[in-house]
Each structure stands twice: as structure tokens, then as C-alpha cells.
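These notes open a run of structures that come right after.
Presented sequentially are two complexes of chain A, the first with chain B as partner and the second with chain C.
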Partner chain A sequence: MDQIFGNLQLLFEFPAVNLEIIIQGAMIGAIFVLVAYGLALVWGVMNVKNLAQGALVIAGGYVSWWLAQRGMPVLVGIPVAAIVLALIGGACSGTPIDKFCRRHWRVAIVFAVAMTVVMFAGLYTTAPGSAWAAYEGVGRTFGTIGGIGLFGILVACGGLYGLVISRVIERDLFTSLLATFGIGIMFEQLMNLMFGSDTQSLRLDYDSFSFFGGIVNVPVAKLLAVIMAAALAIAVIIFMKRSRMGQAIRATAQDARAARVLGIDTERVYAFTFSLNAALCGAAGALVVLVWEIMPFYGIPYSVRAFVIVTAAGLGNLPGVIAAGIGIGVMEQYGGHIFGIGYQQAIAVLLLLLVLLIRLAQQRRNRQVLQ
Partner chain B sequence: MTGTGNKIVSYITLALFIILAPLLFPDYRTSLAALWLLIIVALTWDMTGGQMGYNSLGNIFFYGTGMYVAAVVGISLAYDVADYTNAAGGGIYKFTDAQYFTGMLVGSLAAGLFCAVSALILGWLLFGLRGPYFAIGTLGVAIAAGELVSNWDWVGGGQGIALPVYPYDLDQGKLFFYYLFAGLGVAVFAFCAWLYNTRFGAAINAIRDDEEKAEAMGIHTLRYKLIAWSMAAFFVGVAGAFSAFQLIHFEPLETAYQTINLGIFMVVCVLLGGKGTLWGPVIGAIMFHVFKEVTWTYFLGWQWVALGALIVVTVVYFQDGLMGWLKTRRPEWFGIRVEQKAAIAEAAE
Partner chain C sequence: MRPINKTVLTAIAATGFMAAPALAACENITLGSAISLTGKYATNGVHAKNGYEYAIQKLKDAGGIKVGDKCYNFNVIYYDDESKGDRGATLAERLINQDKVQYMLGPYSSGLTKAIAPVTEKYKIPMVEAEGASRSLFNKGRKYLFAVLSTSEQYLASAITLAAEKAKASGKALGDVKVAIAVENDPFSLDIRAGVLDDSKKQGMKVVIDEKLPRDLSDMSAILTKVKLLKPDVLVISGHSKGAATGVRQIGEMNIDVPMIAMTHCEAADVTGKFPKASEGILCSTQWAETLAYKDDLMGTAAEYEQGFKAAFPEYKNKTVPYQVAQASAAVQVFADAFTRAGSLDKDKIRDALAATDLATFYGQIKFAEAGNNIAKPMVLRQIQGGKYNVVAPSKFASHKLDWPRKAK
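Coming up: the complex of A and B.
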């Protein structure tokens, strides 16, 4: 208790501390906004509640980190992560490759099984203490070929969208929650197996701007990340407003049946929306790895916060999403400052409950008005 | 007459198997107890999820809360809780046999009652939420509770609580906990079998099928929902209390409020077996347990990937579960008569 009052007092004695907290919170919030906007798109257009959102973010982070480990410039990671995640998300869905795989699904399954066997054979050979240690090079090749083959067949069959999401759109709402939760678990564990459970980061060694005698620090790297997040958000807004696909997405969100009647291929719109969401998450992940750190299991907080933001802001309301995202970033920082850093996760979840309850109370009042 | 005779014989065989199983397979006692725990949580999840249509992802909250309440009550009968959980205190605490067993009995009952009451309160807050919002809201409750408890030093914070060990022989302890869980499981099953055939069962099924219509027919839906959830919570709380004493040591995030383990497992069990049926959760729990044990043994390292794949495949391709699948394939087994004409017309569509 005393500690909490002490922390509160600090806020009033040094007003600059408030400024520091708000700036930090807004910077964190900027990345949440990207993830939350992706969720709002998928939720609004397809009515799919994607609990794998956080896992996609971390996957994007690992793509960027992997490239940087192999000597690529750090900033290249952002577009590459977005593209790879879009492919996983379902960018190939509806293309001739996907149609081929669907027509010859037996071939696809046999290929996938064969690639799994090849990959496991490779992993078995390279495992520590294996009797086949002499053939480690061969094993590694096998593992790589199997992994790439599996990834290829996943992408060719329409990615996550074609395999799973397209089958849950029309279903009971609970289905999409559980299915994406399962996808999230698989992604986390695969990343754990591929990259290990250490935290990874690509800190850019730029300076920080300091104000008020060092109380307010603005690291240039974070500033850069915020600018890139903002640029990405603006690009998406323009895309949604101007391009034909953006218009089709908005039309489908308003009334899928009417859109179908008017000749919009809603299947393609759904596939595109999901892969756009995955790409946004991937880019967000590539930004996360620049300013904080990632690890396979760090995804859940992003999913939770995306849900908080979208429930608070509503669907298809980008200004609302931006405001809510930054607001939640700031509130979390305040909460962490006042109650201690251990409560940060709890605060995000409690905010979600608070938002749900407030909306519930509003609905109850509306119902009473109707009566 | 022979039908009921057969039924009695099969129930007696089943009861004998339940009683003899840990004696026949002594190596699997702990695993079998874990299976009973899965059956209990799956059955209670189905009370609200399958029968009432409210898919909670937060039933694990009651499991964790049951653990903590049982531990705190059990300890407080003998010692001061703050001293006991203070890791730096270095005190040595001995429990006599009488203290151990009264602690467990009182603790379990207290856990059940506490969970039932907290379900009433939480339900009053959350039952206005429908569909996925209810699932997200309850999931939020479970995650938040885990985070808050892990910051609460009075109950041991992130380190959790270490409870006394079973006072007699360790193998006997395993047997003892097996029978505790089995007894609770059978009790829950019998309770569900009775409940679903009463007016109450009909009412919660009506809520699942159409809540507005049920309300219009004069069913006080909120009251029914609260009672159903608090009954489920009572049993989960007691199961959590047993687990606390069985595991000896538990900590908040991975054991007590294990949202992504047991919290999801129970849902998967029910979906595997078939939602909204009496035997579905039991069969699903058995299937899931076998799958889990096999992957945990033979695919170590890949077990979670296999589990995620199982969840996705079950949910997307096989959502009716085994019982649902049988129901559509062999409706006569369930006493459903199919009008030949209607079935043909439906098939032709």
C-alpha cells in the first residue's frame, strides 16, 4: 500500500514522469494498433475471432530476426516478414496452385506426409547422441527439404485460410475461437522447436533524445518503429478507401450476401482479408523485435490486448482503434508504474473485463429504453 | 426386461472395473487419477457448455480457486497462513494425521462452496454476454485471477503453496487419491444423469436452443444459468481441492490457473466426445487422455504441436464429436425414430 501511495506521489511531484509514461505508452500502443486493426478487419469482415493473432506477431518477429542473423539489413525484415506471413495466412488461396491442390487433394496429402517423414528423418539424424551422427550433413539437408516442402504445401493449399479459417466462417462463433486457439498453440510450439525458448531481440543502437534532465527519454529506435507503424496504418487506410479490393472488403463487411449478388467474389475477399491481417501482424512483429524482445510464448499478451482494443473500439472504426490502442498502452504504463510491473498483464485483462461489462451495462440500458 | 437387466449387468461390470483398475494396473494409478480429473472437468463443462449453450473458457478459474481455498483453509486450521507461506521464515510445519485429513475434508468443502458462490457472483456479472463474448470474458477472468494471485504474497505469490505430504505410505496415497477422484467422478456423472432428466435439465436445454423464447415461456433464464454454473463450479472446486492435496506443491500460473492446459483440455474433451450428451464428455476425456499420454511419451517435444493439431482438426472437421457422429449414423441406438420419407427428402436436397 505504502509503495502504491509513494508511486502516486511521484507522479504529482514530478509532472515530467507523466509525460514519460504517456510517451512510452503511446509508443507501445502504436504497435498494438496494427495488431488490433488486423483483428478488427478479420472480425468485422469474416466474423472470425482470431486468438492466433499474437502467434502471428511473434512469427513475423522471428522471420525478421532470422534474416538479420544471416546478415540482411534490419529494415529488410519488415516487408519480408509481412510477405511470408501473408503467404502463411492464405495469399495463395484461390490461385491456380490452390485449385490444383484442391482437385488432387490425395496427392497433396501424400506429399505432405512424405515431407513430414523426410523432415523427421532429418531431425532424428541430427539429434544429439544419435547413432547416425556421421551423416549429420545429410540429415540437415533432409530436415531443411522436409521443412521447406511442408511450408510449401501449406502455402499452396491456401495457407491458414484455405485449410482452417474458410471452414469456420459460417459456423458457430465459438468454433473460430477454439480453432484459432489451436493454431496459436501449434505456431508457438513450432517456433519453440525451431528457434528455442530464449528471448531474442535486434536492438538498434541509436541514441535516445533526453528531456527534463533525463526523466523523459525517447529512444530513436522506438520513434522509428512508431513512424513505420503509422506509415503502414496510413497505407492500409488509403488502400481500404481507394482500391477496388478495399472497396470490395468494405462491401462484404456491410452485407456479404448483397456483395455476392453484385458480383464480388466473397471467397477471394475473405482470403485476402485474412492474409492482409497476417501481413499486418507480421510487420508488427518485425517492429516488435526491433524495440523489445520476442520469444515463442510472448504472443498471448498481443492477442489479449488486440481483443481489448477491438471490443472497446468496435469493428471497422480505425480512428477508434487508434485511440483505444494508444489509450491502453498509456493505461498499462500507468498501471505498471503505480502497482508494480508484475501487474501489467493483469491490468490488460482487467481492462478487457471492464470494457465488456461497460458495454453490457449500456446494452441493458438500451433494452430498458426499448421496453 | 432384459434391457434393464443388461443395463444393470453392464453398470456392475463398469463399477467393478473402476474399483479394480488401480489394483490391476498399479503403475498407472496417477495417470488414472488424472483421467478421472479430466472426466470431472469435462462433465461439468458440458453442464453449461453443451447443455446450456454457454461456452465458458474460464472454468479453470474454479479449479485454481478451489486449490487455493482448500490449501488456505486446510493450513489455517493448524497454523497461521502468512507465516506458513513466508518462504523466508524457514519454519518447519508438521501436520498430524488428524490435522491432515480434517484439513482436506474441510478445505474441499470450503473450496466447493466458495467456488459455487463466486460462480453466482461472476455469473451475475457475465451472463449478459452472449456467445464468444462470454467465452472471452470468462477466459479473461481466469487469466486475471492467475496474474493477481501470483502477485499476492499472503498465499505464496508466484512460488505457490507447498502442502503436507500424505501421512502414510506413498503408494497407498496414490490409491487414496485415485479413489477420491473416482468417487467424485462417479458422483458427478450420477448427478448429471439425474439432472438432465429433470425439469431443470429441460429448462437449461431450452435456454441453449433459444434463450429469448425460453424467457418468453416464463423460464427465469438468469436464475437457471446461475444455478447451473454454480453447480458446475462446486464440483470443479472440489476437484481442484483434491488436486491441491494430490500434487502437494502448486503454483498459480502453470498449475492452478493453467488456462491453456486443463482450461482448454476440458473443452476439447467435450468436443471430441460430443457436446450436450451424457456419455460424450466421459468418452471424449478417455480418448483425449490416451492421445495425450501417447504423444507425451512417444513424441516428446512435439506433443504440443500434435495437441494443437488435434484441437484444430476436432473443432473444424469433427465438431459433433463421437456421440454426435453416432447419433447421425445410428439414430436408432439413441431411441430416435427417423421418418423414412423425411430422411430421404433431406438426403435428396
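Coming up: the complex of A and C.
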């Protein structure tokens, strides 16, 4: 208790600290916005609540990290992560490759199983204490070939959308929750096998700007991340407003049946929406690995935050999502400062509870109006 | 044909009988160990096993272990505990009841040791362990558990001693020295915190920040902001490798300017490789380093041990040998020493000989307290200087001078 009062006192004693907390929170919140907007899209258009959101973010982070390990410039990772995740999400769904793959599904399954065996055989030699450690070099090659083959067949057969999501759209809430939760767990374990359980991050060799005698710090890496996130958000807004696909997505979100009657291929719209969401998550992950640390099991906090933001802002309300995202970033930082850093992420859950209660009260009022 | 056959057989038997005493000059003593060869502790479990095996081979090459007028070699039955406590305890029962093992080597990690120690205690089987540092292992009045490593509350306590030395040298009153602590909320890190709190209290220092890090830590800027405002003289961070990575990264980003920063798991997080600038001047604790001035007759100096081990296990060629390996070897040496001094294979005599151990090894001095923990070996602090880990404390074994105060960037 004393510590909490002491921490509150600091906020008044050094007013500049508030500025530091707000800036740090807003910068990290900008990344949450991307993840949350992706979730809002999928939720609004397909009515699928994607619990694998966080796992997709971390996967994007690992793509960017993997590239940087091989000498690519750090910022290249952002578009590449977006493209790779879009492919995993289902960018090929509905294309001739996908149709070919579906026609020869028996071959595809055999190929996928073979590639899985090759990959795990390869990974087995690199595991610590393996009896086959002498063949680690061959094992690595096997692991890479198997991994690329598996990735290829997944992408070709319609990605996550074609294989899983398209089958649960029309089902009830729990089916889609379970399916996406399962995807999330599978991703986590795969990343754990491929990259190990150590925390990873990328380093930009830039300094920090300091103000107010060093109390307020703006690391250039974070600043860059915010600029990237903002640029991406603007691009998505323009795309949704101007392009034919964007209009089709919005039409489908309003009324899928009417859209179908008017000649919109809603199946394609769904596939596109899901892969757009995956791309946004991938880009967000590439930004996260720039400013924070990632690890295969760090996805869940991002899923939770995205849910809180979307629940607070509502679907299809981009300004709301932005405000809520930055808000939650700032609240987390304040929570971490006042109650101790152990409670930083708890703040997000607490806010979700609060938002749900307020929503409930609002709805009750609306219902009374109807009566 | 028959007579010839018989002659041949006799001849073979005769050579066999004559050769036998010359070849198998030493008999075997069987030790048992349940160790993590798979699962989350597999990396370090394998390190420990390699350490055991290396020391056993060295003993064999040096002519075996003298017990009375006979000589013996160690032979270990290993079982894989899959990094799970209940499995470890079951395997310990199996080693003792089915394989009739009379002496045990420890598993990897405090958790597994905690699971196995009650079993060895029940059957009065002496166990020398090298990889369980939690101090909760040594407050249960166990008589058959011995540990060669320093217990966890000592991991960063030496940083407090060092800060006190520096404060005295610069003429600052100890009551004005401020300490900031950020540790993860798990048994190991909380032990570290307890050690630091104890020592700060003893020295009369003021603890200004005392926070617990969450398990899925990726941001600790809230704590570092407070550090900026309260300006402590020592900052102590412990949260496994994620704590070290996050800490060093944000210390750099936020230009944290504390005269002394000490943490654990620097090597595991590879902070010098990932954050070369920010990690400069940070103190890292370790059980052992190959640059230390310890030595014994079997292994030679710490540096010689490292070279010899690398020659025997080429997979370590391109990395520094982790201390988990060294302490496992030291555990085997302690057993060998106890057998020689006991002059008997009786397990209770061995236990008494273990309790009376006072042995200088390449890993450091080993002498057990009543509770079985090693009280003779201090924890080592290394400072990152120019991207290298240089031993700076305790000053008796230090190879380099401490850079103090640490300069940001």
C-alpha cells in the first residue's frame, strides 16, 4: 500500500513522468491498434472471433527476426512478414492453385504428411541431447525443406482460411472459438519447435531522444514503429474506402445475403478479409519485435488486448479502435507505474470487465426504450 | 578331435584368468541419476550429464578411485526424468529399489532436486547434487543431500557487498546507499530477492524500489522510469533470460544511469551479442568461470578443465563451457574424495565422509554446512567490459578491476 502511495506521489512530484508514461503508452498502443483493427474486420465481416490473433502477431515477429538473422535490413521484415502471413492466412484461397490442390486433395494430404515427417525428423537431430546430434547439418537441411514444403502446401490449399475458417463461418460461436484457439496453440508449438523458447528481439542502432532532464525518452525505434503503424492504418483506410474490394468488404459486412444477390463473391471477400487480417497481424508482429521482446508463448496478451479494444470501440469504428488502442497502451503504463509492473497486463483484463459492464448497462437502457 | 578341443579351451581359459586381473584392475561402483534428457530442461540436463561423464572418465584415466587397498571406477545408471518432478521421484525409487543403487548424483534444476530429495532421504541414500540452488532445499534438516554449488540467495547478494565496498571507498554513508530490486515472481528469483534484502538490511542500506516482474515480461519501462526518478545506487534485476534481455534493452533505450547494475542470466540471454552498447558495465553473476584461479590435481586449473572438456566433447568447441557442466564434474570429484577418505563402500560411512568434505577443486573450495549446502565457494560477479565477461568480484579471484561508476553508453 505504501508503495502505491509512493508511486502516486512520484506522479505529482515529477509532472514530466506523466508525459513519459503517456508517450510510451501511446507508442505501444499504436501497434495494438493494428492487431485490433484486424480482429474487428474479421469479426465484423465474418462473425469469427479469432483467438489466434496473438499467435499470428508473434509469427510475424519471427518472420522479421528470421530475416534479420540472415542479414536483411531490419525494416524489410515488416512488408515481408505481412506478405508471408497473408499467404498463411489464405491469400491463395479461390485461385487456380487452390482449385488444383482441392481437386487432388489425396496427393496434397500425402505430400503434407511426408513433409511433416521430413521436418520433424530434421528437428529431432537438432534437439538437445539427441542421439542423432552428429547429423545436425543434414537435419537442419531436412528441417528447412520440410518446413518450406509444409508452408507451400498450406498456402496452396487455401491457407488457414481455406482449410479451417471457411468451414466454421456458418457454425455457432463455440465452433469458431475452438477452431481459432486450436490454430493458436498449434502455431505456438510450431514456433517453439522451430525457434526455441528463448526471447528474441531486433536491435535498431538508433539512439533515443531525451527531454526534461532525461525523464522523457523517445527511442527512435519506437518512433519508427509508430510511423509505420500509422502509415499502414492510413493505407488500409484508403483501401477500404476507395478500392472495389474494400467496398465489397464493407457491403458484405453490412448484409452478406444482399451482397451476394448483388453479385459480390462473398467467399472471395471472406478469404481476402482473413488474409488482410493476418497481414496486419504480421506487420504488427514485425513492429513488436522492434520495440519489445517476443517468444512463442507471448501471443495471448495481444489477443486479449485486441478483444478489449474491439469490445470497447465496437465493430467497424476505426477512430474508436485507434482511441481505444492508444488508451489501453497508456492505461497499462499507468497501471504498471502505480500498482507495480506485475499488474501491467492485468489492467487490460480489468478494463475489459469494466467495458462489458458499461455495455451491459447501456443495452439495458436501450431495451427499456424499446419497451 | 576331442582332446584338441579341450586343450584349446584350457588354453583360452588360462589366458583369460591371467589377463583378467590385469585388464579389470578396478571394479565398478554404480551411481544412479535421474536427469532431464528431454523436456524443457533438456539443454542443461545434457550439460550436467556431460559434466558427470567427463569427470568419471578423468578419474578412470588417472587410475581409478582408491578405496582401502582396492581401486574402483564410477559407472552411472541414467534415467530420463523428462523434466517432470513426479517422474523424477518415481525413477529415484526405481534406481534404489530395483537397480540397488547406493549412491546418487543429482538431477537438473531445483524443482527436480526437490522432488527427488525426499526419496533419497527416506532410503538414507547419499546424494551429491550440482544443479539445484534453491535455498528451500536446505532448510528441511536433510542429512543425505549435499550440493556443490552456491545457493540462490547468494546469486546477487555479492553485488550488495561490492556496493558497500565502493560506498566506503568514496566516503558515502551506507545509510544513504539506495537499492532497487526487480525480480520475477518465481521461487528462484524470490530467493535472490531475499538474499539481496537480507544483505542490504545488514549493511543498513535503503531499498527504494522492490517490484516483481510478471511471467510474460516484455516491457519494464515503468520500473526504469522510477529508477530515473529515485536514482538508486544499485539496481538488481533477475527474471531468467527474458528479464535480462528486456532489462538490458530498455536500460539502453532509456539511458538509465545507475552506478551499479547487477543481473542474472546474462549469458543465456546473450546480452553482449544482442545489445553490445547497452550491456557495457553490467555485472552478471555466475557460479563459475574458466578464468578463475581455482585448481586441483585431477583437472588442473579452471582453464585447463575447459580445454580438456572441449577436447572430450567437441560439440562445445565454439562456445564457452557453461558452469552447469563444471559443477556436475565437481560433484563427481566430491564423491570420489569421500570414497577414498571413507575407505569403505558402506553408504553411511560415505555420508559421514561427505559431511566432512573440505576439498579444493577447479570449481572452487567445497565444504558443506550442516544442511548440506556448500559454504566455501563464493558466487562470482563478472562485469561486461568491451563485450567480454571479466571476473571482478570476489576481489581475491578477480582477473580485472571493477569499472565503477558504470557509465551509460
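Here, the second predicted complex is superposed on the first by the 351 of 371 C-alpha atoms of A that agree within 3 Å, B and C clash if a C-alpha of one lies under 4 Å from a C-alpha of the other, contacts with A are read in each partner's own complex, and residues count from 1 in each chain.
Definition applied: a residue touches a chain if its C-beta (ideal position, glycine included) is under 8 Å from a C-beta of that chain, and two chains touch if they have at least 3 such contacts.
Computed from a prediction, not measured in an experiment: that's the story for all the values here.
Contacts of A:R167 after superposition: chain B is touched, whereas chain C is not reached.
Of the two partner chains, both chain B and chain C are touched by A:G342.
By the touch criterion stated above, A:G182 is placed in contact with chain B alone, chain C being left untouched.
Look at A:M245: by the touch rule set out above, it reaches neither chain B nor chain C.
Contacts of A:K49 after superposition on the shared chain: chain B is touched, whereas chain C is not.
Looking at the shared chain after the overlay, A:A323 reaches neither chain B nor chain C.
Across the superposed pair, chain B and chain C both touch chain A at residues 300, 340, 342, 345.
Touching chain A in their complex are the following residues of chain B: 55, 57, 125-126, 128-129, 131-133, 135-137, 140-141, 143-144, 147-148, 150-151, 260, 264, 267-268, 271, 301-302, 304-305, 307-312, 315-317, 319. Residue ranges on chain A touching chain C, taken from their complex, read 3, 7, 10, 13-14, 17, 20-21, 24, 28, 127-129, 133, 197-199, 201, 203, 208, 210, 214-215, 217, 219, 221-222, 292-295, 297-298, 300-301, 333, 336-337, 340-342, 344-345.
Within the complex, the chain A residues that touch chain B are 49, 164, 167-168, 171-179, 181-190, 192-193, 300, 304, 307, 311, 340, 342-343, 345-346, 349-350, 352-353, 356-357, 360, 363-364.
Across the complex, chain A is touched by residues 37-38, 40, 42-43, 45-46, 49, 182, 185, 210-214, 216-223, 225-226, 228-230, 241-242, 245-246, 249, 253-255, 257, 268-269, 274-275, 315 of chain C.
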